[in-house]
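When the chains are written out, they are named A, B and C in that same order, and each has its own residue count from 1.
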Amino acid sequence: MEFVATVVILTCTYALLAAGIVILYKAGRVVNFAHGEIAIVGGYVFYSSGMMFSGGEMSPWLAVLGAIVFSVIMGAFIYATMMRRVVGEPFYVAILVTVGIAIVLKSAIIVIWRAQHLTIDVGIAPAIRLAGGATLSYMDVASVALTIAFFIALYLFFTFTRLGVQFRGTAENPLLASQRGVNVNLVLSLAWIIAVLAATLSGVLYGGRAFLSTESVTIGLAGLTAALVGGLDSLRGAVIGAFVVALAQYLTVRLIDPVLSEALPFLILLVVMSIRPWGLFGTVEELDRV
Amino acid sequence: MQKKFVFRGLAAATIAACLAGFSPAQAQDAYKIGYITDLSGPLASSYTPTWEGFELYIKALNDRGGIGGKKVDVVLDDDGLKADRAVAAAKKQTERDNVLGIFGLSLSSTQGPVYAEMRKIGVPVITTFSGILDALPPAQPFSYSTGVVFEVAGDAIGELIQNIKKGGKVVGMTIDSVGGRAALAHNKKLVLAAGGQWDEVIFPVATSDFTPFAQAANEKKPDIVVGHYGSGQNLGVIPALRRSGYTGPYVVASYGVTEDTIRAAAQRAGSGDNIFYVSRYSSAFDKNPSVAEVAAAQKKYGTSKPFSSMHVTGWALGKFAEEALKKCGWPCTRDKLDKIVQTLKVDMGGLTGGPIEMVAGDGYGPTYWRLYAWNAKSNEMEPKSGWVKREAKGYK
Amino acid sequence: MTALLEVRQLEVVYNRVATAIQGVSLEVPEGSIVALVGTNGAGKTTTMRAISGFLPSEDAEITDGEITLRGERINGRMPHQLAKAGVILVPERDKVFSTLSVQENLAFAGREGGAITIERIHGYFPLLRERGTQLAGYLSGGEKQMLAIGMALLCRPTLLLIDEMSMGLAPIVIKDLMEKLQQISRELNLTVLLVEQNAKAALSIADHGYVMESGRVVFTGKAAELMTHPDVREFYLGGAGQAENKSYRDIKQYRRKRRWWG
């Protein structure tokens, strides 16, 4: 039971990250190496905005508001000032830009938050008691609920809204989309905003369960692995990939050697890349683009 | 509040730079020493209060009139937990600032190279933490430590946890590092010698979600769990252990772990019961005149971090520095300072269980360790044992 | 009456050295269908791209000449600006969003109001209604072309550019499509520029025709006259082009289909 709960919660964290990575890849053929940094900075912002006006006691509403404002501004800013300029450049240029963003954000954690270990103590009281004395907090339950809600919202958006449909069309063929009157810049900014929002949510959940620090940006790597394992252009694959990574990580800790758990995402990545380079649900023809 | 600290740091740095650059005459009127530590890296939360404790002592000392009328001037540099930055800072401090000795420093990764570099040019280095054994007998020249050595701490903890429960199964947890593994090895030796059983869980350095590791530890059905790592890990492990259903004793080995961290971890865990703490220096909650003196200075000068045993640790180093400089006299040189430190004995009052006492070939000396328990009701640390003594010999 | 689209003495150079087209002039009067025909490599596509703003920016450059839409100079404008001005291109390949359903493709471009509604498109191409929920990637070549034209119409074109409409399609399908296009053009008073290798099919519905060869316009005249011109008949209407059309590009129609949800 405890095992299932842990893997499910970890899957949620990674799936949110992987979904953002997949959306960015689909929309702009960008592999975002700054996703972990964005997630953790998002967590820090959530914390700081929650603490802003309340001496020591976190205000969840302010925190949520701060995180959303951050996501919108951050997403639009990254696209408008950086990613828009590398459209049409070889793919590695965009990747290098994201690596640069990652470094800047990590420095921001050090400069603004002094690399403090922060925990987000919202809803940490036990909500469910499992057999054997283990407990799940409200935050744990919320993380599963929010992740499911996020994916449902994503599904509804892409299926039933005009903007969502335009988004999918732009992802497939931006040239035709712009010819059919779609504001491609708006769509790509939106992709970044959604991705940053998902990452921030993931960072907040992670900060509730573990803690935020300059080291915790490595969850970005797990998210990227999940996305690659699932297939970079498949949202369904992102969830499955997240599950594979979470399960493998947990099993390594419990059955093999805990020390290996850090190297594990890379191992999975190597194995998948050598057997199915396009990932579990990816498209074969996408391969030559990366 | 944090921002203020940054600005204060910047201002201090600017002023220090001006002093160093434009008024050499003034600098000659003071004992100049260097302090290097991690103020911005991953372990800043542990090292900042230690520096603050040291700074408090020096401030109080200068306000008293300094040493024989000469003030003590500390040049502070931040290494961000990076070896190259630490070495560069040490070179800068010795070449440009012309310091007599270097204090502080962070992990073994930054200490090792600085010890080695400074040995070449004959500058004594006195660290507050010691990941490596350079200072332990037979000690390397110019290498000293008044801090925590993993091996010695592991050893002391192995004995002290017998106060919680004799025998039984102990599970040690640490990060995958040389120091962590060394601490576990010594802890294990003592546990087995006392007739107990031993098991361990080692996790990667960059771990921040401790849930699976805590579950793994709980599954081993421990009577006591000991954590050999810093603040961040404790902040994650304690709640994770409690969530996994383990309610038994958990022992924090104080490698820079502040009482405030334990309070936060306990709050997150939903319960502060059954949390213990083993420290080389007195807890900030100890009620003795020496700790009260530190507390008073903290009140007077202020610190960015809540008052903790790390401030006591830094204060102790400040006391040690004062004695060394006093004995060195005016003018003091690096060689003379090193000679003095080699056989320096400084009474620590209630800061720890006994004096800091260096002898030739031993830059560490005997140390004293104590078991504390966290009182969840009063949010305070309470002593659970007397001080146990550890000799520095036999760890190399 | 001035033509809706006028191209005068257009010259496009690739990579600064290779002249792709030279001295190309053509006129597309309002409400007419004009065919631009010629064999592979004659410069038709380059001409079309220059008009629609789709010249690859680094490699190709309009070095001379002028393109005007209702008397206003439009060369060098970006594709989306031209799309706003009403120059709508149905490209040769990737003309529909294959990961979207037929309905979604139509809704993609459909704007509120205006004479052209999705209903009307369904009227012209009833098959699109039937296939509404199907992914566009799974449509046959002819159905894709219908959908592409439907989408383009929903963008309210003042000038519709269609690149190689008949490519890879069966003769019967081509005939149907051409007739439909003629009907639409008449009913909506729509101006169409057809760029075609299949000269016979294009000229059969066009009012006016231009024949290109090696980057130049070599024949021009009323479509009906061109159809009977002996040289044009010999070189372009003999059916040789038809066989050539069965090139590797047709195979591309059967690439693995991508889907959005993976």
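One rule holds in what follows: a contact is a pair of C-beta atoms (placed from the backbone, for glycine too) under 8 Å apart; a residue touches a chain by one contact, two chains touch by 3 or more.
All figures in this text were calculated on a predicted structure; none of them were measured in a lab.
Among the chains present, the centre nearest to the common Cα mean is that of A.
Among the inter-chain contacts, the highest number of C-beta pairs connects A-B. Centre-to-centre separation of chain A and chain B, using mean CA positions: 37 Å. Chain C has its Cα centroid 76 Å from the Cα centroid of chain B. Rounded to whole angstrom units, the spacing between the C-alpha centres of chain A and chain C is 42. Residues 2, 5-6, 39-42, 44-45, 48, 80, 176, 201-213, 215-216, 218-219, 231-232, 235-236, 239-240, 242-247, 264, 267-268, 270 of chain B are the ones touching chain A in the complex. Chain A meets chain B in the complex at residues 2-3, 6, 9-10, 110-117, 119, 121, 124-126, 130, 132-137, 206, 209-216, 218-219, 249-250, 253-254, 258-259, 261-263.
Note for the complex: chain C touches chain A at residues 52, 54, 79-80, 83-84, 88-89, 91, 94-100, 104-105, 107-109, 111, 151, 155, 255-256, 258, 260-262.
Within the complex formed with chain C, the chain A residues making contact are 158, 162, 165-166, 168-169, 171-173, 175-182, 184, 230-231, 233-237, 281-286.
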